[in-house]
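Comments concern the structure below.
Chain naming follows the written order as A, B, C, D, E, F, G and H, and within any one chain the residues start at number 1.
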Amino acid sequence: MTENDLQPAPAAAATARSKSGPRGRVIVFGSWCKGCRLCVDFCPKHVLALDENDHPYPANPEACNACRWCETHCPDLAIVVKPVQ
Amino acid sequence: MPDKNASGNASKLTDTGRIEIRLAGEGGQGMILAGIILAEAAAIYDGKNAVQTQSYGPEARGGASKAEVVIGEGQLDYPEVLNADALVALSQEACDRYASNLKRGGLLIVDAEKVTRLPVSHAVKVPVADLALQATGKAITANVVALGVLVGLTGVVSRQAIEKAVLGRAPKGTEEINRAALKAGLDSAGAELHL
Amino acid sequence: MSRLEQHSAYNYLRHTKKFPNVWCAGCGIGIVMGALIRAIDHLELDQNDVALVSGIGCTGRMPVYMDFNTMHTTHGRALAFATGLKLAQPRLKVIVIMGDGDALAIGGNHFLHAARRNMDLTAIVVNNAIYGMTGGQYSPTTPIDLRATTAPYGNVEPPIPVGELAIAAGAAFVARGTVYHAVELDRLIAQAIQKEGFSLVEAVSYCHTTLGRINKLGTAGDMMNTIKNNSVTLSAAEKMSEEDRQAKIVRGVLRDVERPGYLRLYDQVIERAIAQEASHAG
Amino acid sequence: MTLKLMQGNEAVAMGALAAGCRFYAGYPITPSTEIAEVLSRQLPKLGGKFIQMEDEIASMAAIIGASIGGLKSMTATSGPGFSLMQENLGYAVMTETPCVVANVQRLGPSTGQPTSASQGDVMQARWGTHGDHPIIALSPTSVPQAFDLTVTAFNFSEKYRTPVILLLDEVIGHMRERFDMPDFENVQRVERLGVNVPPEWYKPYGDSVSDVPPMANFGDGYRYHVTGLFHDPMGYPTQRLDEIEAWIQRVNRKIERNLDEIILTEADGLEGAQTVVVAYGATVRSARHAVKLARQRRHKVGLLSLLTIWPFAEAEVARLAQNCRRIVVPEMNLGQLALEVERVAGRSKVRRVNLANGEMIHPQMILEAIEAH
Amino acid sequence: MTLKLMQGNEAVAMGALAAGCRFYAGYPITPSTEIAEVLSRQLPKLGGKFIQMEDEIASMAAIIGASIGGLKSMTATSGPGFSLMQENLGYAVMTETPCVVANVQRLGPSTGQPTSASQGDVMQARWGTHGDHPIIALSPTSVPQAFDLTVTAFNFSEKYRTPVILLLDEVIGHMRERFDMPDFENVQRVERLGVNVPPEWYKPYGDSVSDVPPMANFGDGYRYHVTGLFHDPMGYPTQRLDEIEAWIQRVNRKIERNLDEIILTEADGLEGAQTVVVAYGATVRSARHAVKLARQRRHKVGLLSLLTIWPFAEAEVARLAQNCRRIVVPEMNLGQLALEVERVAGRSKVRRVNLANGEMIHPQMILEAIEAH
Amino acid sequence: MSRLEQHSAYNYLRHTKKFPNVWCAGCGIGIVMGALIRAIDHLELDQNDVALVSGIGCTGRMPVYMDFNTMHTTHGRALAFATGLKLAQPRLKVIVIMGDGDALAIGGNHFLHAARRNMDLTAIVVNNAIYGMTGGQYSPTTPIDLRATTAPYGNVEPPIPVGELAIAAGAAFVARGTVYHAVELDRLIAQAIQKEGFSLVEAVSYCHTTLGRINKLGTAGDMMNTIKNNSVTLSAAEKMSEEDRQAKIVRGVLRDVERPGYLRLYDQVIERAIAQEASHAG
Amino acid sequence: MTENDLQPAPAAAATARSKSGPRGRVIVFGSWCKGCRLCVDFCPKHVLALDENDHPYPANPEACNACRWCETHCPDLAIVVKPVQ
Amino acid sequence: MPDKNASGNASKLTDTGRIEIRLAGEGGQGMILAGIILAEAAAIYDGKNAVQTQSYGPEARGGASKAEVVIGEGQLDYPEVLNADALVALSQEACDRYASNLKRGGLLIVDAEKVTRLPVSHAVKVPVADLALQATGKAITANVVALGVLVGLTGVVSRQAIEKAVLGRAPKGTEEINRAALKAGLDSAGAELHL
């Protein structure tokens, strides 16, 4: 299991910090993820990108607004979004 | 269940010139197609006999899958691999799963980048996927590169036969990249031989 | 507030030996599974009181991943198995998960009669418009002119209107959703489960591996976009011309009526039998 | 006890109730229909359920579903319907689900002759569904025995977690006979082995001392998986050869190691017999008559009546064959169980007596076979 | 001739076309699907028709309907679908309608293991439908033979007015092998015996010299009746015992008197063999290998390959049994055709070699059985 | 002017060995047979070009009496047999005769799919609201609360709306008549036979021997009167309240639309196949 | 086969002769008729009655207006009505 | 097919006190019910053993149908009639069809009005249907009359038993007419005996 969120992408973090509204922390279970890209392609905030193992990671974590699109649409139940206070 | 290896090299005693080859990889790497091409090269273009079998099933969609090709001069009895003369494995899982009945002293060809744990001491390691990318820009041609390596190293079918077979299966417009992929494989085999 | 926010959907999964699941990367069946779990969670049902019954097909593989009473039956017959189970254990919420071929080709008759009897079951049909498991043969929901391995020249058989058929047969609740609209799907499934009698949720989820590949319709993501662009809500559809609407996937609750479920109907039989017995004895 | 003139089909229905059957799903078909009709009247009184399904496929499915839900369940049919049930019968075998299927045979093939007597489905009962599988099939020779063997069918099915086929012929199904029906409380019932471990420990298809794993009912708090795919001890699909083999072996073993209990026969004068008649179902009645006549003519004749048709009484017939000269196998078909008899008859000669036109075998035909040289 | 690397299932489809098949109705199922897929592409080009029906029951019905309409017809399936076809298969027998049913066997029972090899439906092919009936079942051992036996299946079915079952195993169905496919014009086809009397004289089920009545197609001006009930020579339902018996006898006789033509076997070194291996389907390939090894070790071993499984080569095996000591019967099942071999083996010992986990039988297993004492 | 007026319906019967027919005295199935013959006669079809296909049941016995190409198949499967026959011999008018159980219980799936494909067949369902042949078990059209041998306490299963179901499934022509209105039935059947695609005529004809006896509904004549009094024409029905209409047998043409029949649809497949072959060759 | 119409009932004949409009001659095939009474009970002109074999005969033949109800409703196709000029 | 009569009176040799009776008539004449009543009289009220069989099928709706009853002291083997001790036939067709294996010297009872052609020289002719009409006003009670005649002539079951059996099967409210019908039959048998 790869919790990619433990490696935040610093650049993205920087831009998003200025935003208001809800924010989410994205957790990906690498061993379940099949790398289908749905989460990456449809995230409305372009938070995610695929890593070299074809698993998504929050390349732009601060942009996440915890909308949960990725969580509710991951066919492998490999993403959980935790709201961040 | 008897140990499958118990019949040893018995196959050689039954079918004239019997050679057994196993091609393994991940679903989507096209190793089943590679098996068909190899069998066609032998059966249609080299005038030999050939039988091809493969693992079907849900697992063929993901996970490891394999094709087997048995080539010989006349009638071929048992259609599956008894003791592989050669195994080509393009992924670690495929190698782990399918190396079991590689003949003692049989040839193991692996993708150097993807297979790191080897079941036997000597194996030919070729960066198959990398070669495919270099030669054609398309990772999907790795199976044809692998065929090139196999044929280059073993001569199990003639170069003309494998080329015709590859081109016979190539979708329209992809003839050139397939030819390039095959050449890349054959060349690297040549290089291997000279190592 | 649903329990999901305290402890996640993972409580409903069987982790041992089962993951990753068998489906192709990007297959919408998994999205439907997520929606089903969220619906059950939302309703706060006891896992012991839920049974999932499926037929054979890619969709039919769904129950094994989930930690309920689960049954993977024969192709097309899930509703009939479920009928027996429900009658034996009326307390169970019995949810029947089928592919389009499963439910409507080989299983069409059971579909018809479960709806007619208003059997207390919730049917979820994952409509991927193809036989996925066997590699892409056309199904009774494959759109006209699309190709399939057994329709190499394009399908000419008119597809079945799943919802309309269920309505004609007598289903109490009929809804349609899509995997693009996953959260909406949760809601539809939850509504269906709560309904007395036969409820149906059709979940549209095109199969990219077979239907998509054969017809060059692109990746899983491309097919998601197709669904997104081709679907409208029921209220939007009502404002469209008949012709325009035909081309659309109409989402929403297509029917919701109160009709006594089979179990309540059968209670009458029991009452009458006992009354007659008593009058004979008396 | 209630003294009645009862029909065979009615006795099956009553036997089912006595055995604790509380669910029936079926589709009408001659000559089995009375079983459904009696149960449609009786089950709701006992809190059980009767449902007429849309076809036989659905009927078979429904009784399996109900059994997994915890009710003892049955269906009844005849040839055409039995053919349709084959796929789901195999599912019951694969999932080890107790249930009873009565097939009141009629003359076939196809629609054939719905109201004529036949024993034409004997081999189908064994081999009708695809793939290797063990099966139990019982066949009564009288109305009282129709009751008894129905109870036995339920008991076997629960004890061994297997579908059991009750193979009646039209003669027994429709015949009315004197029957002193026991009170249901006095009927011995077997219940499925319940689970006595916590849910986390439960393996629905695990090894067990008896080779029959305990069975939890859906809703009892044991959440497990049931599938028609080969499965591991947890019930999850498997492609592992060792797990597939283990399943095949256990499921066959659970029957084979209990042949003594499962194979029910009635022996009459087998000691020293030079000719043995092996019969089953209504044909036993013809055979009994013929054997009595033959004995009056001083032939040394024995009669082995098979109440259990499958598994075949292989050992018993083989043993008899060693001591007799001739085995006569009368059947209302073209020779089906005779194939099994021949297989184990060794050097003793097998003489088949067959009639497949819808009539009972006349005792005279059997007598001739006994007397022929 | 076209030299190809062809799959067994494809060879079946091609053989069907070569034999003149112009109608296919089916329902997809692994591992038979390629037969449908090839025919869905090829049939419309030849003016034939392909239809995917709603299930296997409908598929079987449709091919019978089409055959009565005059087209050579087939369907293909695997275990679960084959179980569902049983009722209508019996209808084809009863109505003497030519048609071919390919069953590419998979591991069962139930859903089992769809992509694994098995010969588990051998007995089902014989006995799967209710009631007594004769049947022909052929089983190829290679891809070229899949083509040839498909042609033969159509020819038998037309010649004898009977359904013919083509029993493949998954190995043969999915294997690709070198095959020099003959041009279709060079393939020998048998057409059903047409009617050469005026309509008033036509008896669709009348006696005939060959016991196979000529068959008129619907629409050809012979208006007759077809029914699954027992029927008289005009095809009308009958309850008369003499007419029922006449039908049963004729329909069995038309097969039995032609056993010489119908039973196809390949003999290899049977003369003087002390051990004979009797095999069929893909298992023949294992057996050939094992037999060669055994011969190298100087065992006197013969191999009888059964291309026709049903009717069983009873006479031939019985004759062999008289001269050999031991018969080895390898099967990818728990022992099915071995039952028949045992039945006629007399004093020669039958040794079963069985594997039912989805794998091919390894030659070593057969070798051990040959060598064991 | 129809030929019937010159030479009678008896030209269409098989006299040898077959009469009197097998049905109970007064059974309406024979009336439907008469109507069918008159319809065929009216259309002046060549007897060699007509095939009658039936399933099993009292109704299924009908074809044997008539001098056409006739086929009495297995229970519930007549439409599937007929599909094969029609595709093999498109020239034949294939008329499929079924009981309510035959067509809608065991045969429901074939009904659904023949209608969906718009298969060029005419289906005649003799709806006697019961399984006649097997002695009076309830069928999917048995009215609520009537008793049957397997519904000794009264039927609780909602009956199927045959016509509505066929319409939802896609039938091109759907009509309902009764045996009391025999001449009207001729017309409906004739219309159906002429229709391209799938056409259905439901003929209501209560079984007095089973349904009638068990429920004490009187003689064949009494049940004829029931039909007479309980039925209305479509135009009359349209003026009634929904509730009143529910209680009535609505007679007439319930649907009549132009949709290409399956044979024409399949012609496209053949065209495309040949075109593709030609383009490959060329 | 009993052609009952060969025995006309004279009384009925008398009354009807005065009528105008079409008239019919009813032919009954006795061996097919099962005596169900439908024709008798529903004939709008009360033309028919059952004889001692339970087969109908035109007890009142002149009343027949050739409406053919009996012909089209006989489940046994045992009646034919021929229009009389 | 062996001649069914070949075993002659063999049945008597096997089952103690075996008596075989066949009741035949047209569908609707209630002869199958008569068979059941007779068997119940023997089995439930006379303490004997009894087996009843019948012809089922489409033909049971019209045409001739029959019921068979075998009565004996202990176990009854063959359940059908081998050689009827008595045959009751209420219609010509029934008599024609079912008289075949009437035992030599067996008792044939026919409805005098309905059966005119007789297969044997001596038969007891009773106007069963007429008696029914006279006694009860209902033709439908002919089957009970016939039972009365049979029992009166043969004593195959006791009079008490047959009366109880008839009344046990009589729908509520029809007890009296059934009793009357039975009596009419029994009485006419008495008359017959005194002829």
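Heads up, the rule we're going with is that a contact is a pair of C-beta atoms (placed from the backbone, for glycine too) under 8 Å apart; a residue touches a chain by one contact, two chains touch by 3 or more.
Only a predicted model underlies this, so the values are computations on that prediction, with no experimental measurement involved.
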Groups of chains joined by contact, in the absence of subunit F: A, B, C, D, E, H | G
Chains contacting each of subunit C and subunit F, listed by label: D, E
Chain at maximum distance from subunit B, centres defined as averaged CA atoms: G
Repeat of interface C-E, chosen from C-D, E-F or D-F - more than half of residue-number contact pairs shared: D-F
Most contacted chain pair (by C-beta pair count): D-E
Subunit A and subunit H: spacing of chain centres that average the CA atoms, whole Å: 89
Averaged-CA centre spacing for the pair subunit F and subunit E, given as whole angstrom: 37
Rounded Å distance between subunit E and subunit G, as computed from the means of their C-alpha atoms: 60
Computed distance of Cα centres, subunit C from subunit B, in Å: 43
Multi-partner residues of subunit F (at least 2 other chains): 20, 24-25, 56, 72, 74, 105-106, 108-109, 112-113, 133, 140, 153, 266, 269, 272-273
Two or more partner chains touched - positions in subunit G: 34
Subunit E: positions in contact with at least two other chains: 30, 41, 44, 54-55, 57, 80, 87, 91, 110-111, 116, 227-229, 239, 241, 245
Residues of subunit A touching subunit C in the complex: 31-38, 41-42, 68, 71-77, 80
Subunit C partner contacts - residues on subunit F that touch it in the complex: 105-109, 112-113, 116-118, 140, 153-154, 156-161, 164-165, 167-170, 259, 262, 265-266, 268-269, 272-273, 276
In the complex, subunit E residues that touch subunit F: 23, 25, 41, 44-45, 47, 49, 51, 53-55, 57-59, 61-71, 73, 87-88, 91, 217-221, 223-229, 232, 234, 236-237
List of subunit F residues in touch with subunit G within their complex: 8-10, 13, 19-21, 23-31, 33-35, 38, 179-180, 182-183, 186, 219-221, 224
Subunit C - residues contacting subunit E, complex: 56, 72, 74-76, 105-106, 108, 131, 133-135, 137-138, 140, 149-153
